[in-house]
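One structure follows; several queries about it will come next.
Residue numbering begins at 1 within each chain, and the chains themselves are lettered A, B, C, D, E and F in the order written.
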Amino acid sequence: MSRISGRTPSQLRTVRIERRFTKHAEGSVLVCFGDTQVLCTASVEERGPAWKKDGGWVTAEYGMLPRATHTRSKREAASGKQSGRTQEIQRLIGRSLRACVDLDALPGLTITIDCDVLQADGGTRTAAITGGYVALVDAIRAMQARKLIKKDPLHGQIAAISVGIVKGTPVLDLDYNEDSGCECDMNVVMNEAGQFIEVQGTAEGHAFRREELDQLLDLATLGIRELMEAQRQALGV
Amino acid sequence: MSRISGRTPSQLRTVRIERRFTKHAEGSVLVCFGDTQVLCTASVEERGPAWKKDGGWVTAEYGMLPRATHTRSKREAASGKQSGRTQEIQRLIGRSLRACVDLDALPGLTITIDCDVLQADGGTRTAAITGGYVALVDAIRAMQARKLIKKDPLHGQIAAISVGIVKGTPVLDLDYNEDSGCECDMNVVMNEAGQFIEVQGTAEGHAFRREELDQLLDLATLGIRELMEAQRQALGV
Amino acid sequence: MSRISGRTPSQLRTVRIERRFTKHAEGSVLVCFGDTQVLCTASVEERGPAWKKDGGWVTAEYGMLPRATHTRSKREAASGKQSGRTQEIQRLIGRSLRACVDLDALPGLTITIDCDVLQADGGTRTAAITGGYVALVDAIRAMQARKLIKKDPLHGQIAAISVGIVKGTPVLDLDYNEDSGCECDMNVVMNEAGQFIEVQGTAEGHAFRREELDQLLDLATLGIRELMEAQRQALGV
Amino acid sequence: MSRISGRTPSQLRTVRIERRFTKHAEGSVLVCFGDTQVLCTASVEERGPAWKKDGGWVTAEYGMLPRATHTRSKREAASGKQSGRTQEIQRLIGRSLRACVDLDALPGLTITIDCDVLQADGGTRTAAITGGYVALVDAIRAMQARKLIKKDPLHGQIAAISVGIVKGTPVLDLDYNEDSGCECDMNVVMNEAGQFIEVQGTAEGHAFRREELDQLLDLATLGIRELMEAQRQALGV
Amino acid sequence: MSRISGRTPSQLRTVRIERRFTKHAEGSVLVCFGDTQVLCTASVEERGPAWKKDGGWVTAEYGMLPRATHTRSKREAASGKQSGRTQEIQRLIGRSLRACVDLDALPGLTITIDCDVLQADGGTRTAAITGGYVALVDAIRAMQARKLIKKDPLHGQIAAISVGIVKGTPVLDLDYNEDSGCECDMNVVMNEAGQFIEVQGTAEGHAFRREELDQLLDLATLGIRELMEAQRQALGV
Amino acid sequence: MSRISGRTPSQLRTVRIERRFTKHAEGSVLVCFGDTQVLCTASVEERGPAWKKDGGWVTAEYGMLPRATHTRSKREAASGKQSGRTQEIQRLIGRSLRACVDLDALPGLTITIDCDVLQADGGTRTAAITGGYVALVDAIRAMQARKLIKKDPLHGQIAAISVGIVKGTPVLDLDYNEDSGCECDMNVVMNEAGQFIEVQGTAEGHAFRREELDQLLDLATLGIRELMEAQRQALGV
């Protein structure tokens, strides 16, 4: 089988991670998975979450510019609420990134990861998590430099990728065309130890068999290993 | 290991599926997984979805009575919006149930599955899917009796269960205590062929290893087989 | 004249008051006036109202499950606001129940009565007040047992019933068919001394004469006496 | 007993009904019950209600200027929703005025009565109904002049007044001081035949006995007779 | 050239400024520019703005009664939000009036100027600023009388007028007909020294040349001088 | 006088206009005025405005990424509404760009200009208009290529700049530091004939005299001439 893009089933799109993309945020990363471009900023605020006495918080918000997509979608600020899809994605990003942070080491502090899609071509949530991690690291390093925190709250590395079955073949990192035509797809978030943080598989058209699920998890594991290498190169560690 | 409830790791809570619980809806099912009680009604409306030219639609809405939980939560109608959690759950229920329906066989028709939690003790979304399926079948049978549709749109059976790792042990069908203290948990939706419709695994505290994931999927497969038997008994098929 | 249901003009529907219907709330009552079923829970919170320096508060919220009615109505949480009807009803329930409570004896405490209609067949607001009273008593008794309050804030008994003129005849406790076809109707809330707490009579079709109003109030007085007996039996007092 | 204002128990405040107060509306009436001033406009639109196939509709909206009251209240347009009180009042005004209109004689037409309180001193809803009736008549006469309707839809006269028990004495037309200190109060809407359209009695402090209710209805009947005379004088009929 | 109204190009409409129009507000002014009628109230509240540590605040809100205009417009409280136009106008009024107040001399105090249009015939925002100034002065004098403030925060006089080019001729104080047909128009806010506080010129149809802009500013200067005289007469200073 | 940035009073910041910045929109322009970066996309939709029978429409929406600014601001989509400032700006952008378009030549078509601020350093609205114009031209050219329109609707060139008085000196193109400390500022929109489309001058601190206003307009005229040259170079015309 050949993919329209010419990629092999286990091949990622070209990944680009550009730090310090804008100047105000403590962490600011433009992440590109092929034509998908997401601007991830990490903002530090000296206030803890209202509903939590001790420790700090890491949270995420997600948005798409109205014309990030093929046809213009309504601006959520104008329609007066965030869609269910938006909320689902930003909850996923927040949970995923919290999995590598010791919240008790952020007393009275909140880090917000804003992930805004400038251009969409499939996989925006996985790009957001992968780029958001780099912005988070930059923000934590800035907090350490400003002596806002005493010990390093970071205890792992997080990246995410999508996998799916397209025309019967399991493939890695679906672009928009593959995503809209696929039989089932899965978003996988992992840490540097190869363990799973989130697994979200969905089949509307074609239910997937156990061995298909296994193949998809194998592909995801491969892809995430590459993404983590790209994150480390971007961070220079 | 022993569970506080006395159940074995692979033991479901007592499952009860009561049809015709209220009188107006085409399908009305009270489903109980132990102390979790969800009222699922299926309502037929003779209007297709606005954004879709042909065929019909199956959708779901989810709600919790304010005092279904240990402490009262704010009524979503009063606060003016559905939370991200609510939207995430109702999108999951809708996608899961659409997986067993041929939407083209429902021209100009919409079936809405309302899942309202009367009492919560963990696993409300999986109970909602499992009970919602039975309400959906009743509504489809009612539509056939009223000659609203020509052919049977139903082409499968759907049920759902939660699994998770509690104190190091993979267990089936977590109750509230287990759920709030677990290291990671997963909601699994399957069809009657043992294939996966949805897999949603989350680890905030403890990332799960591949073999743990495999054990959890095995447990879920067992549990869903039992739930499907209970669905068939309730439906008398 | 005969009513479709076979009831005499002054006959209530079968009344059922079931306490401890769900397990979390301090008071939880399922009240049925015939096919009208309302779940009333009373929740105690250790916070006073923000706008009131001393004493506590008793308030009510009202909701209908979307398919409690003949045709599905839109979920208020999804449409983003409570209808005027909902607000009118919950304000009525709150005012009515506050009429039997000494708020000064609830310092720093709020009791919320949630009335959720599982099945509607006319008279949901009067059922809600009648059942809500029982839930309120249970909650107050629980507060006394937990030593949250020093003296008994309860100083009366409250129940409510609807009356109306159907095809020229004054009748008690209208069901949905009678209610939608009636010439005028009235909701009456009374205390155990036979005094009026609320009287709300409405005539869109046929204005009512003074002697009709008098007959309706007589009928209501009879009906409420029976309801109070049912409340006392349920409470075992 | 003497009232602070010097009025006798059965004495109305000075009533003023000024037609053509603003120039754009088909009916525009400033109604004053003492210091309570409400601007009532009736607007004719050539569209029927969306939810009703035949005939027309008469509806009402109610608002208070933020500083109509002793202390400034939040502007409802700014807070983003109408309060429960506002909705309750505008529903009451609409129902009351529809009671004198044959909606079938208004095919494809909607009349909206806007009642905006410029200055509040108790009794705003009863002033709104009483003045709204006059604006409604003017609008109907304008529709007849413009040949929008074939037959006269008006079949009665409507006015409203408040009554209540203040320091043990039943009194008519409560001003703000009396209203905020009264033991119970009632709003009564009647037609020209002395029949009741709406009766809304409320007792938070002191439940009212049957004979008190009777006295209040007697007072209301007297007051409404006077108001109707004032309406007829204003209309020159 | 002659204006439909018979006015000369540099002639204002009849201006009327009536103080103490309603009784509760610290300042209450009905201002009329011809048929445009705006009720401006100034309300003093003993709370400072939440986002500002020291000093006080002066702010404005703007609204139109639904039938202030030729055809009824939707009530903003009912549609659930203020339009962009409304927000733009109330921000303009607030900024303009703050230009003559020393906010540091209002510690812990907020003055809200509510401008509600009873009848609209063009120029509502300039009438609101001109009348709002008089209400503000009255409120400040009331605060001084009540010893709420130590020194006089007022340091100037503010008025506003519209100018525009109608059929090629620059004219002063456009009414609705002129405004809706004009080629470009400008709202000008000035102080008593003839300096500019706000200049807002807009050309959708016909861009204006520099010399036209100069002529419009000359006209505005003339008009504002007259309005300031009217303000002083109303205030008796 | 010297500006902190080293610029002379009449010197613009470095202007950069980059076309085809994202791939989906008919026009997509990144415009930079120094550190201010705004992404302007023009989207063509084949639907006319609902409220207008003939011709088409050009409209604009404006947004800021939450961390475009020094401190993070709340996401408008999350808070549920666009601020007054946002609405004021997007109305200004829309009006300004409509001034160079013949709407009758766009029958049944809508062009939406989305202006999203990636990084803010003062002057975002003037950058948005200047960049939005280029995106609009690209969209119109695309419509011509796709034969969506018969004749060229474009009849002018539009650009915008801010001017203000900083420490007593009139300066061109204020950056954030200058803007937040300035005595008064003005946004000026002009066309290629040097005529004014919009003039919006505001003085909260220091009212500006007529000769200051004249100097500011002179500066703006100079600046806009340069911006128009940059637009033409970017467009290659």
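Operating definition for what follows: a contact is a pair of C-beta atoms (placed from the backbone, for glycine too) under 8 Å apart; a residue touches a chain by one contact, two chains touch by 3 or more.
The model shown is predicted, which means the values in this text are computed figures rather than measured ones.
Among the remaining chains, those touching chain B and also chain F are A. The pair from D-E, C-D or A-F that reproduces the interface of A-B, where over half of the contact pairs by residue number are the same, turns out to be C-D.
Two copies of one chain, chain C and chain D, form a contact in which over half of the residue numbers belong to both partners.
Chain E has its Cα centroid 50 Å from the Cα centroid of chain A. Averaging C-alpha coordinates per chain places the centre of chain B 33 Å away from that of chain C. Looking at chain D, one finds that residues 80-81 touch two or more other chains. In this entry the chains close into one ring whose order, counted from chain D toward chain E, is D, E, F, A, B, C. Those residues of chain C that touch chain D in the complex are listed here as 81, 84-85, 87-88, 90-91, 95, 98-99, 186, 190-191, 193-204, 207-210, 213, 217.
Within the complex, the chain C residues that touch chain B are 22-25, 28, 35, 37, 39, 41, 43, 45, 61, 63, 65-72, 75-78, 80-82, 86, 112, 114, 116, 118-120.
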